[in-house]
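Look for subunit A in each of the two complexes below; its partner is subunit B in the first and subunit C in the second.
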Partner chain A sequence: MAPLESLDIELSEKHIETVGKFVADIRNNKLSGSEQIAEATLTLVEKIISESNATARELCGVLRAAARRISSSLPLELVAINMIRRVLRAIRDENRASVDQFQSGEGVGESLQGLVLATPARHSIVPSTDQDLREPIRDHIAELRTELETMRSSITSQAREHVRADEVLLTFGASALVERFLRPTQNRNCKVVVAEGTDVGESHAMARRLSNSGVSVTVINSSCVFAVMSRVNKVVVEVQAAMGGGAVLGDAGLHSVTLAAKYYKIPVVALAPLYRMLPHHLYDPQNFGSLSSPLQTMEYADCGSDSLQVLAPKFDFVPPDHITLFITNQGGSCPSYIYRLLSEIYDPKDYQI
Partner chain B sequence: MKMEMDKENIVQAVVIMDTFNSNFSPLTDNKPMGFLEVAGVPLIDYVLESLALGGVGEAILFCCQNGQKIKEHVQKHQDNKSLWSLTMDIQILMSDTCQTMGDVMRELDAAALLKGYFVLAGINSITNMNFASLLEQHKQTCKKDKGTAMTLVYKKLSWEHPLISSDRSTFLAANENTKKVLVHKRYRPKSKEKIISLPLDLVLNNSEVKLHHNLVDTNIALCSPTVPPLFSDNFDFQTRDDFIHGILINEEILASSLYYTLLKSNQYAAAITNWKTYQTVCRDILHKWVYPLSIESGLYSRDKYTLTGNLNFVENSAMLSRSCVLTENTLIGAKTQVQDNTTVTKSIIGKKCTIGNNVIINGSHIMNNVIIKDNCRISNSFIDDNCVISEGSNLHAGTIIAENVKVESGSDLKGRIECSIDNDKKLQKSESSGTEWEESSGSSDEEFIGFDKVWSDSESCYSSISSADSSLPDSPVPDDTKMFLQEVIDSLARGYDEKLKCDYLILEINSSRYAYNIQLNEVNFFVVRALLSMPVLSEAKNVLTTVKDILKYFRPVLANYIKSKSSIMDCLRAVEDTCLNCEWLDGKSGQILHLLYEADVVDEDSLVDWYAELKENANPFVKQPSLVKFFEWLQEASEESDDSE
Partner chain C sequence: MSSNEIPPKSRDEIKAARQAKKAAKLKVNNKTTENPQLTKEIENLNENNINSKPKVESTDEVDKSVVINPNAVDISTSREQIKADRAAKKSAKQLKKKGAADGESNVQSSVKKELKEDDSVKQNEDMTVKDVVETLKNIVSVAKEVNEITTKVSALDLGGKKQEETGKSKAELRAERRAKQEAQRAAKQAAEKKVVKPKLEAPTVNVDVPKKEEKVIKSKTLEKSKTKLQLAQRFNWFQHLYTEFDKNPLKKIPINSNLHPAIVKLGVQLSSRVVKGSNARCIALLDALNKMVRDYVLPAKTEFSRGLESHLASSLEFLWTTREPCASQINAVKFFRHHLAQLPNNVDEFDAKKTLQEEIDRYIREQIEMAGEAISIAVRNKISNGDTILTYGCSSLIEQILCEAWEAGLQFRTLVVGSRVSPDAAEMLRRLCARGLPCTYVDFTAVNYVMKTVSKVVLGAGALLANGAVVSAAGTAGVALAARARNRPVLVACHTHKFIDSLYTDAFMHNQIGDPDDLLEKSDDNSPLKDWRSNLNLTPLNLTYDVTPPCLITAVVTELAILPCTSAPVVLRFKLSEYGV
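So, the complex of A and B:
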């Protein structure tokens, strides 16, 4: 068992209530959209931190307990857990720094030898420095906030590097991020093909907005993606989660699009903000194969027959070899590099909450 | 001060925890309706969660029986910090005296707990609608029309949908522009009525009228503060339908009006009114149509079930044998064991059950702690908590097994209700042979509440069996009922002479009913009897044409009372009674029945059933030549129609 996990704290009554309110807000759709949820998670974490003891072990324990509780009640809400993982990383880093400072002046980690020798010490039970970590953690949370705020612009500003003049770009379904990403193409004489996603109305609305802003847009049915694909230069999609091995969870129907792209050897660019990085390597059908309401695909009125089953999966799993490039707010990275990115933003001990 | 401001904006909801009918008897005899499990979750959990999700801030649960159990249940959830308990306040009211929904509303009016507009829901409504926004919409309607009392919430479905075809369907005529309800009618299931008559005013006064026939009543209404007082002022409002009809008839007098709203296509709502709708709703929950309500409602954690192909949900702690087969649409609850070579199809199995080897379960609902031993065949059945089904039993065609029953090995049950009576009695039974079971359940054969049965009128609290007991034709008519009969005859005769509107007559009859404290099934009986013993008839030269005229004129009155199968039986008993007692109808019973049949008051099935019952009791009435002739004719007619098909 990893050292900091040894402190398995149960949430106190008060925290259960705060976490419960957060979960209720998400379930009641008071919070919607991953950005908003990420923001709210930070607020929640701040609240929990300010009400807990200050030592690193306790903070980690409380946050992990909160994350467990959230993930058990909202197994499909990946963003909130990812944000907590990032705060946990900050706490652990902060703790490590203060311990290093506390232990020795001889500069652990300054030479290669020092690093190697210091590793066992890092993994042994961290002496709780009793130092109030809350202030530095608050700074970290503020940093994460700014990162969230600039997330869109830092992703969309990379559009210039990926979209050339006179290209035909295909996107699947409606996504605010993709819309922002494609909007600057108006000056480059690009053509955008929008394939209808599960929510046809949303897709149409996005196409209309894009075309109003001066982009030439064609809307196609998702069933003719394969036929159109040969003429496309690039596929741009937003993903629900980028997983450890470079695989992707996307909106239902994405797999068929990327499959067509792979057949025609068309590059697929996946837009993935950092909070969508999921430190799992395996596709776990128990968690991600769940179904959402079929009402979004079909009206209930006609479905009286007992023998009719309407399945509306929430996610589609896309294997790593279908994705050419991920664009995160830290720049582009290829699928095989995602694991590295993960170990940069999360602590490996928190992969499993 | 701020708290008070907030309180004004809180959405209040009233949930009536009883349905005031016996459609789910004997399961709901000892436990509240709210504890009936639908797809493994008690109804009350669905309702509370849907209220919380729909933005309700304060829920008032009104219990007419078993209030304490509900209180404990809610308390347990609040201690466990269920999600709804964080955003919603719960108040539990109890009253043992309330017998109908009208009583509940009067009680609420007296308690003055409702501060403003509120949502009125039944414990049997399952929905994912947004109550808050609908209530806001209702408030907007109220701004336009000060007299708005209620907005009814309907879900539009296709005509063949089981939710419509297996329940009393609704016909609605409304002003298209304002959504104001103008005509509201209920049909009994599979009604053969072909003609709908609409008043001419309807078309003259409204520029555009929309007629709806494919609506599902969700049992949810949005109410103005005027609704509880309206119930208090009109003591004859017993059910919501009474209220609706009362308001529509006396719109001017009561200065109130009704509106309706249809749910959006991405929202689901249904009411569980009988076993058929129960099955349909179960299936819809498994198929996630009611998302975000699901089989995990009421629980905090949402990762307990594993979905294996073809919509089979298995709880993580359930133990399935390697060789058992889950075909499709199944739900296996926590800690349930399913052993070798067992096949489960389209069924729901609750918690802590043990299913033996080589069992075949198909289309059934099995609650908690049930033990099913080897080699059983169970199809289309319902088995309640703590039952034991012994080896080699065969349950099929709508068998309902109540709590704590032990079914003998090798028994073959078909379309029956089994329930244990007392503990000591049960002991005796297990010793004696299976015949005693047959005797004890013989009385319920007639009632046959299987999955395939056409249901009794959902608002009537009296099953057909009790009506047979209370209105035996031979028993001397008590004074009160005699006076009631006389009064009804007077009302009808006056109505016929002065050509009064039938709606007023219904009101008159209803008020005499309360004055003499007559039960509903007796009212059905006496109304038909009164129609056939009107003074006009005794003087008439051609009795049959007069009867025909009378039936034609009083068609709406009959339609109001004779709706369900049990009331049709009441009606037929009344015909029998009158034909025996009144000399002017002597020997004309066959013709009278023919007239009733042509007027669509009685249907063929009930006639045949009634005739069979008469034969069984060796009633002298059976031998009347006209009656024999009529039934010969009926049989021929039905054979002919079969042939032509």
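So, the complex of A and C:
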């Protein structure tokens, strides 16, 4: 029995085609929104698994190869890779369980001392079994699907704990999740300040929908955030990715919002569904170096000179000390605890795909 | 005369009326050929009528419908028609009186006034040609016919017009009212020239005008209280800042005030944001004051400084309604008043004007131009080759500094940050690019992204407060904060004439609300915010200024020295002892 890691399988022609179609769908905006992409990823994984050999070794190899392929063609698409990581974790757990059936290892974590001293079983090399793991994996994927479906409601149901009556809440940019999060507060007479992000139209549309649902909404430009921040009780934002150390990747401009909140010591609540957990430790936005079209910043006709350069970054990097609280679908957690959450949902071996 | 009842056949009726009039005309012409002398007189009269006609036409459409229709007939016909018309108008008036119970009394009364005046003008003419009219008594029967038909026509037209009237916006109505007032004034003057019945006319006009004004005022206050009520529901935290943003400043300008034209012009420029930026506003104010002083005529038995002071007070009162004064303007006025008060009691008018004008010129030269040069040199010494200088928005001083540094041979890159809402940064960029400076533009949202590459941040200021806080365009504080987070030095370039002795702790104590419609996406006609006025839950807020706390600013560059911004009180005290302001 060969160990599970150190395995690099090339994808078969058939799988390359399936993955290629998935990538094309995302590129052509047939799949838009992270929830849809997460769902589609699960469907893709199911398809790949049903067409592969059944051993854990084979499955892991194929999925990792698919993930590599996706991330090389869509480096900014984090959700799909994260979902594959979660399936990989399930495969590894199933494999370990089936191995443990044969050779019952000593129990870990029975006492606090044991928890601290013992080398975690996961970190030891586990041999691959020859059992057919496809059926239990399908169950796991179904579980993940239900988790996706209930994600919104489980996050928005926590709004009651965090939003009090007569509070002024500030949010940045457009986000369906934040909109849901703020909506049930209407009976509490809350006021919402929407700071428009780079997607101005969507921010305005969100503000309008919120106001139609009875919330008192004030729309401001992102440059006014500092001026308004002194009157705000809480900042609620959705993040693009929550990273290992508790840092956050958000839409461009998020940093100046959280910085202002930090200046005024206003709590920042970051909404992060589990599929947004990224097991990386980035420290600089330039690492993600992604610029969008400068057209949204300045019309071409306004550029009077050829010496003019116009930059429009897509993402902003927010250090962990700006965030007070993460709200995931498993409940709240503070930034310093994110690493633990990551090791619960992913296998450390899959941090690097 | 409810207009709803009028069936489509009304057009036929009008046609019939016109035909009847034509018939009347023909008859008159037949008569007049019998009497050549009479025709001459009538022609003269007709000329008079034509001359007086444009005045009537300059009034609104409602009047036209009543007055001009008959007039058009007048021009080519005789006295007879005039008489007939007058009768027609009277009957129209009576009809109106009946219908005056509804809410359009305002419009109707103005129409009435118009008619009265027309009558009065024509009465003058009547007096001179009474004999002519008498000779044509035999056509009275025809006139009666015409009379009947014209009443019908005018009633119909009026009905139609009234419907339109109700659909008109307030602005249009207001414009019409003004047009009417002007027409009335013109009519009055015309009437006074003809000294036939001045005493009788005068009261009718004078009585009417105040009535109308009362009504206008009433409706205005009603509107105001309505919007106030809405505002109270809407703006809770910044209600004290809110004045209804008026896109048409011309409406506010009093027509018959004794304001100097330069002041009125400046008022328009300020409220339409043609003149903006605290230096430009200060220079424009001083320039207007200069012109005002030059053209000031001292009333008899008045001390120069007192007379000018009261004139200045009324001018400033008007100016500050167009836009709140900024620190530089407040200081400039303080300076002007200081020198006005120092004039001796028995000063000669010419000397006084000369001293004041010289002082104004000196202030512009010393406090703005020379100070700007001194600041430019001081900042230039802080820029080194290879730097990247970040600046926010548009500031004339920063532009001067950067351009002069570039022309002095320094090699640096300028990074202009702007917000989507205000066009200032684009303007700054245009000016810098025109001078050949290498520039980068980013939106405010990208400040953190570019801050790593920045070596110095140079910001302009609208005012520097006694606690060291900087009042500047909204977004400046955010830029300063981002710079502080990455430990980049933040220099604020600020003339000492913008230092002011007030203390704000946040941007809500003192601010101005910009046009909320600026927040809407310009490229998108169907912006989701476009109906914010009808949605009480939705408020676009466009703040003009924000307050940067002193802890975010490394230093303030003034013409005196490079200071920590907590030294602002020192500068204020120094200026008090040095210049007395």
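The working rule: the second predicted complex is superposed on the first by the 311 of 353 C-alpha atoms of A that agree within 3 Å, B and C clash if a C-alpha of one lies under 4 Å from a C-alpha of the other, contacts with A are read in each partner's own complex, and residues count from 1 in each chain.
Following the convention adopted for this analysis, contacts are C-beta pairs under 8 Å (C-beta built on N, C-alpha and C of every residue); 3 or more make two chains touch, one makes a residue touch a chain.
A quick note: this is a predicted structure, and the numbers were derived from the prediction, not measured.
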Of the partners subunit B and subunit C, which touch A:R208 in the superposed model: first, second, both, neither? second
When the two structures are overlaid on chain A, which partner does A:R231 contact: first (subunit B), second (subunit C), both, or neither? second
Superposition-derived comparison: subunit B or subunit C, residues of subunit A touched: C
Quick one: is A:L295 in contact with subunit B, with subunit C, with both, or with neither? Answer first, second, both or neither. first
For A:Q309, select first, second, both or neither according to whether it touches subunit B, subunit C, the two together, or no partner. both
Is A:E94 touching the first partner subunit B, the second partner subunit C, both, or neither of them? neither
Tell me which partner A:S72 touches in the superposition: subunit B (first), subunit C (second), both or neither. first
For A:V23, using the defined touch cut-off, is the partner it touches subunit B, subunit C, both, or neither? Pick first, second, both or neither. first
In the overlay, answer first, second, both or neither for which of subunit B and subunit C A:I220 touches. second
Which positions of subunit A sit in both the subunit B and the subunit C interface? 285-286, 302, 304, 309-312
Per the touch rule, the subunit B residues reaching subunit A in their complex are 52-53, 55, 81, 83-84, 86-87, 155-158, 160-163, 265-268, 283-284, 287-292, 300-303, 306-307, 310-311, 328-329, 346
Residues of subunit A touching subunit B in their complex? 16-17, 20-21, 23-24, 27-28, 69, 71-75, 285-287, 289-296, 299-304, 306, 309-312
Per the contact definition, I'd like the list of subunit C residues that touch subunit A in the complex. 236-237, 419-421, 426, 429-430, 433-434, 436-450, 452, 474-475, 477-478, 481-482, 485, 506-508, 511, 519-521, 524, 527-529, 535, 537-543, 545-547
Subunit C partner, complex, touching residues on subunit A are 191, 196-198, 200-201, 204-205, 207-208, 211-212, 214-228, 230-231, 251-253, 255-256, 259-260, 263, 284-286, 297-298, 302, 304-305, 307-313, 316-317
